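There are two complexes below, and they share subunit A, which is joined by subunit B in the first and by subunit C in the second.
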Partner chain A sequence: MTPLLVVWAGLPFLNDPSPGVLRSKRAARNLDCERYSAQTGSERYPGAIRPARARGDYVERDAVMCAERLMRPGLREARDEAILTELEPLSRDIVTKAVSLRTDLADRTWLVETYYPSGEVSSKISFATKNALMGQGLAVSDRVPVLGVGDVGVITRMDPDEAYPTACLRYAATGTLREGDALLAVVSRDARETILHGGLCVDGRWTWIP
Partner chain B sequence: MIAVLASLALAGPIEDAQRVELDRARAEIAGEVHLSAFDLIDELVYGWKTDPVFESSTPVVLAGVSVPVGLGTGMQALVENHIAAVLAENPTSNVQLVHCPSCTAVVVHSGPEGTVVSRGIDNPAVLAELGGATGKHALFVDLEAEGSWLVLRARITQLTPDLPIVWSHTLATSAATPALLRASDQLKSADEARAEYLAALRSRGPLVIPVRLSVRTYARPDGGNGTPPPPFLWLQTGAELAPTDARAWTSSLMIGGAFIPQAYQGLMGQARVSRLLTGRVRSVTRPDLYGFVGASVMTVWGPATSSFQVDPLNADDIVAAVQGDGPRSTWGTLQLGLDLRIGNRIGVGTFLETLPALRRSQNMGDYIRVLGIGFQGFGTEVTACF
Partner chain C sequence: MSNPLVERRVAPHPEITIPQSLPVAPLRGFARRAALALLVLGLAGSGCVRVYQPMSGLHRPKVIDVRAANFQDLHLTIRCVPGGLLSRHEASMLCQKVTTLFQNQGALVHTIDNSGQVDADETPEEDPEAPPRTDLSLELRARKVHESHHPLSWIASAVTFTVLPGLSETTFAQDVEIRDGTGFLLVSDSMEGRIVRKVGAGPWFGNKILDLVARDKDEKLGIGSAYRELSRDLYQQLSQHTFNAKMQWEVLQEAELRAAPRAPE
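Presenting the complex of A and B:
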């Protein structure tokens, strides 16, 4: 693992992270890069980047700091990799939208349910979403709403646009989702997409988060 | 049909090889990230010490530890062990790990609402019926590789029927950040650890005093007529200066002496410029390799120094050297070598040396010729820095 790569703006040919003669496309895709000013870079990476001189530099300098991704391409399913790489912003984004969409639910206990093909990734999405909800200062529970076998048998044969509202209705009807609860569902709707959708189930009514 | 069978027959070994390669890559990554994972756990427990979740020591069940998808259960066991070890070393965190087999076991509960299969932790009502750990707390820890970041998420849930989450936290560290390697009984915050790291970098100062013991040997002449000089043992000291804390470039100026009774004595002066080859900044945790070029001037005298001349050594020269003080020879050399430095205290090096004034000497040959330059000397050295 080469964790760090510094590219000076003035000498882009030495350690250029873009694909070219010295770096393959595959290797370039495996880099996460961020541009810093010389001052910020020297604070974040002391020793690797020289800070600006007290009276300023003769040329304006900046640096691109690149780090290799921890997991090499091909070690995980492409879709899982895309979701997991952006897990923190994705979950935080859904929570922020849900909370701002329904400010009246601030006093409720929030439950989280994830619908994703892989159980392992599902639990990670739920974990991140619960932590993001806690970060908003909300009351969150580890309870999971459950449906009976008969309900599951019917709902899984429905079109997704119908299935989620029906499941929400059944959660409320069976009492597994209580009056003071709000269920935030994180859903992967299509096997080809690399984003997650959010839905709210409150008092038996389902709402997609835009 | 035949084509399908053939493709299956061919696919087997290739898939096996790919699987082995994937497992090897996963094990390598797990080995690389586990120290960072330990750092995040240390940071988590340090947070509990400085800002405890519970007012007094509270039993907590380690309910779940998950590692990055694809890195397997070996890393999971390592992480679990580290959590237990750090918590045991830090009782003031007020998190007391307890064993609860019925919490993690899968339980089947049939009631009027139906049959529910779940872990005990996920169904505290069943735990209560079993006389288990209801009312206790459960700790969940998740580690995930998100791009170049390793992210740790933790939450503590109260094991009551409502399963409220009472505490949660998210921590992240970049792949570019070196592991802090903190001792588990002396936890520090990331800021304090960083300050210590910087202090360690800066406390080295720009100037060090090296003391070096080196041995030089000289190649036998190609024709076999001459007599090569004996190995020379030198003790040197001087000053080594680096322009920045990074110590990517260093230069040194040293003087030295050689003294073997009845054989030779000598004095030397040497200057070197070294360049760090393994990275841009000198590491405080792993060895660093420098490449160097240098020049020196040597003067030697004594019975064993007769070979430092261009003409072949004969019996008269040897007799004259033994009877008197022997000849005095002075020459200049150029060196090219590698120096492995460990912790800014110890160095081990090796070098090739060319003696331009003696390149036509019939008493020594070349170990190697590079771009028309013959290297007659080869040396190894051990350095201690103060």
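Presenting the complex of A and C:
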């Protein structure tokens, strides 16, 4: 009886995702976990969690299910990690707001421009945003509006409040953004934030997406 | 002829209790040792190792440095709502600590207690009755998501004289809402974590030995480390959320400013 009890009691101890003898704090912090009741857990993870018996279980059962993060901590910059972890909901949120704000732009061709310090992360943000736009059934182009060197030199020295509207104005003036286009800009305004902001440039007029 | 009474009194032999004391001494020693062992076992058995595990949100990557002036001159109103895991006193304590956290980062903080009274760190000059200016308001709630005591682990712990741990755990959620002065919702999040209590001589001694011998400073599971880490995570996430809300609020203000001239058109 005693060995059986030891095994029974040892099982949660061995499987527990919390830090302890078998798992370091660092390893535990690399897990994203969620708690489920036996019923919900068996529906979500059939086979991994046994459903509750028809007449109920002798003890209350529940499960903590954890998923290991893709990248080990410290491999990417914290800001990049924060943005990329939440990229799908962040880009979807910006797109949903933009589309709801300007329903009149449904027939336009949508372009995406990302203002983020890292080129690699920028391309991922652009891709996710285009994907979200296509999810809304909109026409999306891979074309990127380009500004002249002189424009870039002036605009990059401006305050963000002025820089984006000016860039938008120049896009329209130089014809890089055409009449049937709508530009959705995804912007990181401060190095300390872990969210992204959206701005719309349509016919030379800039609008922040609140 | 000797007096037998005197002789009896003088003669030490019948009074000496050596023959009786010989078996008593080991018995006393055994009892002492057993009592000591029980005491140590009892103390160790009552030894509790508390472990904190962030589950979602609390260990999200953060960029902000809480020692920097991230909220210079921002008027922040903080409200800690009692209920769930927070008693009135605990809500008040939490508000005090969060107030200090944001004051250290340059914010002008007002707290609202449960009666709706405002405790401001600056006195309104024009009208003392007027509510303080609020750029952002932060509302905090804490609730218990789940609690379990794993009865089998306690039985096994008793059977093994607490070599195996008796396990109890609480899963909690910290709800955060940040709005601007008009009540527009900027950030809403629910961060979850769990505190696991491992009670018994086994886990207590085991962890002590591992802390002393094998674990790095950051990996130690010593007394108070669970709550220290939880506080650190919570304060960093609160700062990050509030900074994100501040940036969102600034964008909102710019959007309103740019939209305003269009009204007459």
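The working rule: the second predicted complex is superposed on the first by the 173 of 210 C-alpha atoms of A that agree within 3 Å, B and C clash if a C-alpha of one lies under 4 Å from a C-alpha of the other, contacts with A are read in each partner's own complex, and residues count from 1 in each chain.
The criterion applied here is as follows: a contact is a pair of C-beta atoms (placed from the backbone, for glycine too) under 8 Å apart; a residue touches a chain by one contact, two chains touch by 3 or more.
All of these numbers come straight from a predicted model, not from anything done at the bench.
Once the two complexes are overlaid on the shared chain, A:72 sits against subunit B while remaining clear of subunit C.
Shared-chain residue A:124: touches subunit B; no touch with subunit C.
With both structures placed on the common chain, the touch criterion links A:210 to subunit C but leaves subunit B unconnected. In the superposed pair of complexes, A:21 makes contact with subunit C only, with no contact to subunit B.
In the superposed model, A:141 makes contact with subunit B only, not with subunit C.
Within subunit A, the residues touching subunit B in one complex and subunit C in the other are 6, 32, 85. Residues of subunit C that touch subunit A in their complex: 49, 51-56, 59-65, 70, 145-146, 148, 150-153, 155-157, 159-160, 164-165, 167, 169, 171, 192, 194, 196, 198, 203, 206-207, 210, 218-219, 221, 229, 240, 243-244, 247-248, 250-252, 254-256, 258-259. Taken together, the subunit A residues at the contact with subunit C in this complex read 2, 5-6, 8-10, 12-13, 16-21, 24-26, 28-29, 32-35, 59-60, 62, 64, 78-79, 81-82, 85, 161, 165, 189-195, 197, 206-210. Interface residues of subunit B facing subunit A in the complex, by the touch rule stated above, are 22, 25-26, 29, 32-33, 66, 68-70, 113-114, 116, 122, 140, 142, 144-151, 153, 155, 157, 162-165, 167-170, 172, 174-177, 198, 201, 244-246, 280-281.
Contacts from subunit A toward subunit B in the complex involve residues 1, 3-4, 6, 32, 45-48, 50, 65, 67-72, 74-76, 80, 84-88, 109, 118, 120-121, 123-124, 127-128, 130-131, 134-135, 139-144, 146, 148-149, 174.
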